[in-house]
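Across the two complexes that follow, chain A remains constant while its partner is chain B and subsequently chain C.
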Partner chain A sequence: MKIRRPKPLVSKVKLKETLNPNQQEKENNEVHADNTVNANSSNKRKENGDIVSSDLSKNEEKIRSIYKNCSDVIYRTFYIGNKTKALLIYIEGLSNEQEIEESVLSPLMNERNMGTEIQSLMTKTVSAPNIKEVSTYIDCVNELSVGKTVIFVSQNSSAFSVSLTKWEKRAIEQPESESVVRGPREGFIEDITVNTSLLRRRIRSPKLKMVRYLVGKYSETSVVIAYVDGLASEDLIEEVKRRVKRIDIDGILDSGTVEEFIEDHPYSPFPQTLATERPDVVTANLLEGRVAILVEGSPFSLIAPITFYSLLQASEDYYGRFLIGTALRWLRYIFLVISLLLPSLYVAVLTFHQEMIPTSLVISIIGSREQVPFPAIVEVLIMEITFEALREAGLRLPKQVGSAVSIVGALVIGDAAVSAGIVSPPMVIVVAITGVASFTIPRYSAAIALRMLRFPIVILAGILGLLGVMLGIILIIVHLASLRSFGVPYLSPMAPMQANEMKDVLIRAPLWKLNKRPHFTGDYNEYRQAPNQKPNPSKGGDG
Partner chain B sequence: MRNYFKPGRLLLLICTFPFLLSGCWDRIEINDMAIIVATGIDLTDEGEVELSVQIVNPQGLGSSGSGGGQLGGSGSVGTMVSLEKATGKTIYDARSKLQEKVPRSLFLGHNRVILIGERLAKQGIKQHVDFFARHPFPRIKAYVFVTKDKPIELLQVNPDLERSTAEAARELADQKFGLDVTLKDLLQMLADDTRGAALPYLLVDKEIPGKVGLKVNGSAIFSDGKLIGELDDERNRGLFWLINKVDQASVTIEPEAAAGYISFSIINAKTKMKPTINNGKWKMTIDIQADDDIVENNTYLDVMSPAILKKLEGQLEETIRHQIYDTLEVIQKDFKTDVLGFDEAFHSHYPKEWATVKDNWTDTFSEVDVEVNTKISISRPGRSTTPQGVPKDKVIE
Partner chain C sequence: MIEKGRISALQMATLLYPTIIATAILLVPAITGEYAKKDMWLSPIWASLAGLFVIFLAVKLEQRFPEQTIIQYSGTITGKLIGKLIGVLIVLYYFHATGIILLEYGNFVIGSFLPRTPLLIVIGSMVLVCGLAVRGGIEVMARTAQVLVPFVILFFTLIMILLTPELNLDNLFPVMEYGLKPSLKGAIIPASWFLQLFIIAFILPVLKKGEKIGKAGILTVITVMITLVITNLVTLLLFGVITTSFTYPVMEAARFISVADFLQHLESVVMAIWVAGTFIKVSLFYYVVVIGTAQVLHISDFRPIVLPIGLFLTVLSFWTSSSLQELEQILITSFPFYDFFVLIIIPMLLLVIAKVRKKGATKNRRNKGKVKK
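The block that comes next holds the complex of A and B.
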């Protein structure tokens, strides 16, 4: 694949006297100056790359021809101070019409003092915070497409773009896929400026960098790569940028699209970036030297690189007491194994290694399986597939119908199947425990990978017994060990072993002991806090 | 695009297929198995091996589904297991004949109990245990018992508290009031030329008229794999002391100082063997240490008094010593079989001297001078300190 280098497009013409730089304005400054645009949209750009003409009607014609058959583009001709003809263009629904009226149209139309130059007139009269001069049609289109208002003035060979964007967006809500008992309840939304502001509110240091790319031939979606300068390794940042830049598709609908294009191992069932809705999770990862990728239109941001263990860590581990966090982590590790192996162990032991079951248990299993017409493996597959189907159905259906499905499903799976003699009661227990176990994994993408891997292992168990289960485990471990996420071994710090990083994997060490950052990027900026911060009455307090 | 079906990869993929071909050959659904929980072996009049087995009867487990209970509402414990019997030249031969009668594949993986009929035991068990050691399925941890009646009669017993004879026998062995000898222990004992073997007796208990149960009582002594004699319950206790197997035991004595009995429960018993050879005289010193609790006091003695406790301790030591000497007498003089592990003790302490007597150890064994030292301490007099229901002035202090 040929990597096309993006080229800087926007000339950084900016009016110096921007008024009242508010939060959003600050935001825009922080966004890296080289607002780069994916090169694959350059064809369109080239033909429209002309300089804005000083002939107003020619300008209008040009814009109208670009936005042909676009009913949502609004053109408004007016006269500045009743004299100079001007054309105001915006896209309906992306701009704040009331603001346009109040701070652009009426001041300009009522302007009496026409002697000064048009540039200074604009800055003096228009009371919008962000106004800049653009000189090419491409820039005009770019500005329009993000909701800005563009004003052409007759006899003037440049246009003015006024940032008065406003569109409907969802309110900030609690993230549904990662709810917590304790911890921040804010979640990302679909609007990327809100999302970046959520991050900026958490890391106020200007070291937090956000580089914006436009990806997608038609969608021209903003993709922001966020990192903390001095914490994330330069190589990593470069690699993430390189991978994002080489994406060449029509449109990006979700961060999942980006994820699929930047993975190291596209055929693996395991996620190699962490998708999260929680700004606090992103912040924590940024501070550990990772890179976050935010995508316009998706409440899920991606974190890279990750390891297998980060998929098993919930944000709440760090907000609660560390002993509890450690216990919960171990609970997850145990149930991870159960969710992967329990059905296959059941099949293997029941069909090949009956002597391994305690005698009284084997007797009760025989009793309960007496009426079941299927071999254990068929029984397991029936139940597990039914369970997955129910889960999937409950997920996709509208909430009202979903509950009905789960009730019917519970009846079918739990009771009716047993009384009909299709499956045995122990099997129901196995399926239930497995189902619950897979929901203890905090990351949905990891949980579903393991849930699906369960099926091949069940089949192996049905063919080769415990040997088959072992074979399956070995294959999975070999695969996991060969995975890398942006160059970081997936099983690190377990393999390769880094003993001093175990304190955030095997246990959740108290925060005052986590003095070093995880160093998958070398010993770069090693310490994150001062040592010896263990609280202690002699270190302050009543004294 | 990378080609994912390069010849190399394809070859590797094809190489994995034979793994699957080997699969399933020993796959057996649990519903197609007849799970044997107890095996009895004995001799027929024709000298053939009679194999009787107790098989779990799934029909008797109560239907699956909503009922689910293993005891099956109607209390039909009797149908829980079913009994089958066949004869053959060897155990496996008998098993094959048995399979002709049983519609499901016989499975020995859950065989927890092996009953050996006295008739077969007298003829020798060495050749027969080979099957249990060689075949991969039988459990090496199965408990082995000797029965006076034919094993099948014991397998017919419906024990009250357990689901089957097999379970009852296993639980009885676990209680450790009798010997608990597993197949592994037996195989080890038989493998040793100089060693005898002791197996517990499993008997049909008929104390309540019209009802039969099981009990362990006494030990069967084997020499060279043949049953040569029996230790009664009393001497069995002595044996327990000698081989350091006292786990739960009670001792009852009649104190000299007063009328009545006092019962002790033994906790923490420990036996140590110390072999010595002095001037060609083989001697074994056995040190026994134990803590006792008083659990019943029928006398007027005040067991809180240190003087009385001291006396009781002495008497207890004497009683136990006597019991042990009595047992030793029978084992050394009558049976002339080393079931005590003296051979091992001498072997490890005096390898040179051992080599000289190895071939006729039985003779030396019966001549070994045994000295038993007991050290018993009564640590707790029990919940009530004074004798119950006795006027204060009659209590002996």
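The block that comes next holds the complex of A and C.
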């Protein structure tokens, strides 16, 4: 299998596009975005645009001047068949040195039959699977920077690039932030070729397209847009491509960087793309006609467009029994409301609407609050902020220290604060339930948005009681209603109502009932499976 | 068009339902009880005919002038000067109506739940929230309504079900002791709520093409009617003829709920849910005020004037009346005529004049236009 890359180009904005390497197709779409290339890089372009010279020492000088002060570039001079001088260049740590020795250096050095021209000699003797001739310095630099080995041969006005890349990468592990009891345990890693292969292994059809762009002036990070041809709408694909192409930044460190540049409403606390580490989640979304964006160096791929409800669905909903899945989904909805509202309801009821609490309960609450010097709202804010701080501290610290922090925190909050009379026991219960509730939301980015929003609602509750809580809820709903993710209303299918898609929101309908794909915008491929597949005894059996 | 969003007929119905219900559910039982006594549950049925009639008027006008609001086509029908006058009159009516709704809301919240909170805070916070929704346009308002209205209906049903053990069927009889007259009399004031459905004239232009307008309109009228009949029936069965002595009978009713000595005093929950309905009502009126003002003044974008108008509405709500008693007096005595004049007489005259002067598209021409598009 031959991996072909498009003709590279060093300019201020580098954007290249090829089809998925697994397909033997190539599509060039180079964008020279602006004319205001700074002096430095335009010089670089001019000198690097030169054709490789036939003078070996001149070539070496050139490459050495480009890679000046780069100690990780290795130069190795050798003689092909003890006669023709040649120079081999690679970057340490990106190339497989053992392979270079075995399949390039030793066959070439031991070559005895020097009659033919150098091109056919290379094809005959070098046993590496992928070898390519390059003729400009830019190409050489680009080949080197992705870990290939470049060979210059004297009296030959082109160089050879041999693909013997190898670098250290993490093994495929279970994704930590999205673990499951039942379901595939593979997670994406930082290497994009591994990630695309994980997708390709799940969708073998050539209809799965992966378009590659290079984004980032210095980092030149690969960003792959994956979609299934015929399922994702053309407009959506074009829109995603357009937004990715628009990014002009010096470096991409994580898919979060891409996310910030392509979302519709940058000021919203709610995520408008779904970040996931799970290839099975990406696959499911691709098959529903969404688009995935994979970023080199990040195990998180982005899915667009999404709705609010997709943030509340776990992959496991679809792997277990549907009745259980429905129940769990409702549990999540209830705890979503609790995580957002419980502290503010506590404040509102305790401050303004005591009559709502049954008498015996109100007496015990008042009794326990007797020692507490603060009004309910201050108490809630102290405890909630402490809880958030503990969570944040536990998250960043090494595991061993983290557990120590949580023990100390639990002791301080749970016991000492209560016996010191700073907070009341019911308050501790409220904070604990809220904390647990916020962890039931399967997507971290959604959970954190709701966790932060509960603070303004607590303050509203302290000012206007239940009325304030209601106004807060309405504000959040108005905001959610005005959001769109790549043109799809954030609250759909509930608002605007699409009745036949509600069965994947209100319940987790059995898979043999979900015959239609969700409809976002424009044309779509309506049916995903044959109807009437409900299993029953008369259909199966050994008949 | 100033408004670029488009909504479906179902969304329109979800917007209209709380627009009528929100304040009606509070005040109608007491007011109808005053005139209809034990037949108060029949009154909303007669009153709903007024709703059907204004929807008919609005739809007929809309058929002649597709994608235009009454502000725009009144000029075409009657000529520039009179048309402008009618436009200003209607916009001012909606200004006034919004002010009154806000005052009703503020007085209710302060009277029942937050006695020590300044009226300005209560009204101002509501206007601010509504303003944000109005800025989002009709689509955002419709979607918000679609999220909120199911909960409003759910809680309303729940409250009514929880009240059933307290109900006393004897309060209902005798039905129509004095004939139809009392219930018809009781229908006059609720009719002014149904007349508010004329607000549909501002929503019809932003409907998606090919939606079933008539069906959605009738659905709205029927659901509103059923809700009011149930409310009146439940308050009647619960309190009998003393219903009239309460200002807000439904709130009083909510106090009666007691399940297992735990679920009790649910009036705060009722208030919270009711606020959701009021929010939609105020937003829709606010929206009409903003759109109407923008069209009268020929402003190309309505968003910049949303917050200034909100400020004005807040102040206006204080000017409408000085006390709750005065407000109720206005609502019972002069407002029905006011409503009747603006929401029935003017549109009817417009329709008749349009017919006589042959202004606007007839049905056939409209269909032709459709084919072209």
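Annotations for the structure displayed:
Simple rule for what comes next: the second predicted complex is superposed on the first by the 494 of 543 C-alpha atoms of A that agree within 3 Å, B and C clash if a C-alpha of one lies under 4 Å from a C-alpha of the other, contacts with A are read in each partner's own complex, and residues count from 1 in each chain.
Criterion: a residue touches a chain if its C-beta (ideal position, glycine included) is under 8 Å from a C-beta of that chain, and two chains touch if they have at least 3 such contacts.
Because the structure is a prediction, the values reported are computed rather than measured.
In the superposed pair of complexes, A:475 makes contact with chain C only, with no contact to chain B. In the overlay built on the shared chain, the residue A:496 is in contact with chain C alone; chain B does not reach it.
Within the superposed three-chain model, A:466 lies in touch with chain C and out of touch with chain B [touch as defined at top]. When both complexes are overlaid on chain A, the residue A:352 reaches chain B and chain C alike. On chain A, the surface touched by chain B in one complex and the surface touched by chain C in the other have residues 352, 355, 463-465, 468, 471 in common. Chain contact summary for the complex, chain B toward chain A: residues 19-20, 22-24, 26-31, 33, 35, 37, 56, 58-59, 61-66, 68, 70, 107, 109-110, 112, 137, 139, 163, 167. Of all the residues in chain A, the ones that touch chain C in their complex are 349, 352-353, 355-356, 358, 463-471, 473-475, 477-482, 489, 491, 494-497. The touching residues of chain C, when paired with chain A in their complex, are 7-8, 10-11, 109, 113-114, 117, 121-122, 125-126, 129, 132-133, 136, 139-148, 261-262, 264-266, 268-269, 271-273, 275-276, 279.
Against chain B, the residues of chain A that register as touching in their complex are 350-352, 354-355, 359-360, 362-372, 375-376, 418-419, 421, 424-425, 462-465, 468, 471.
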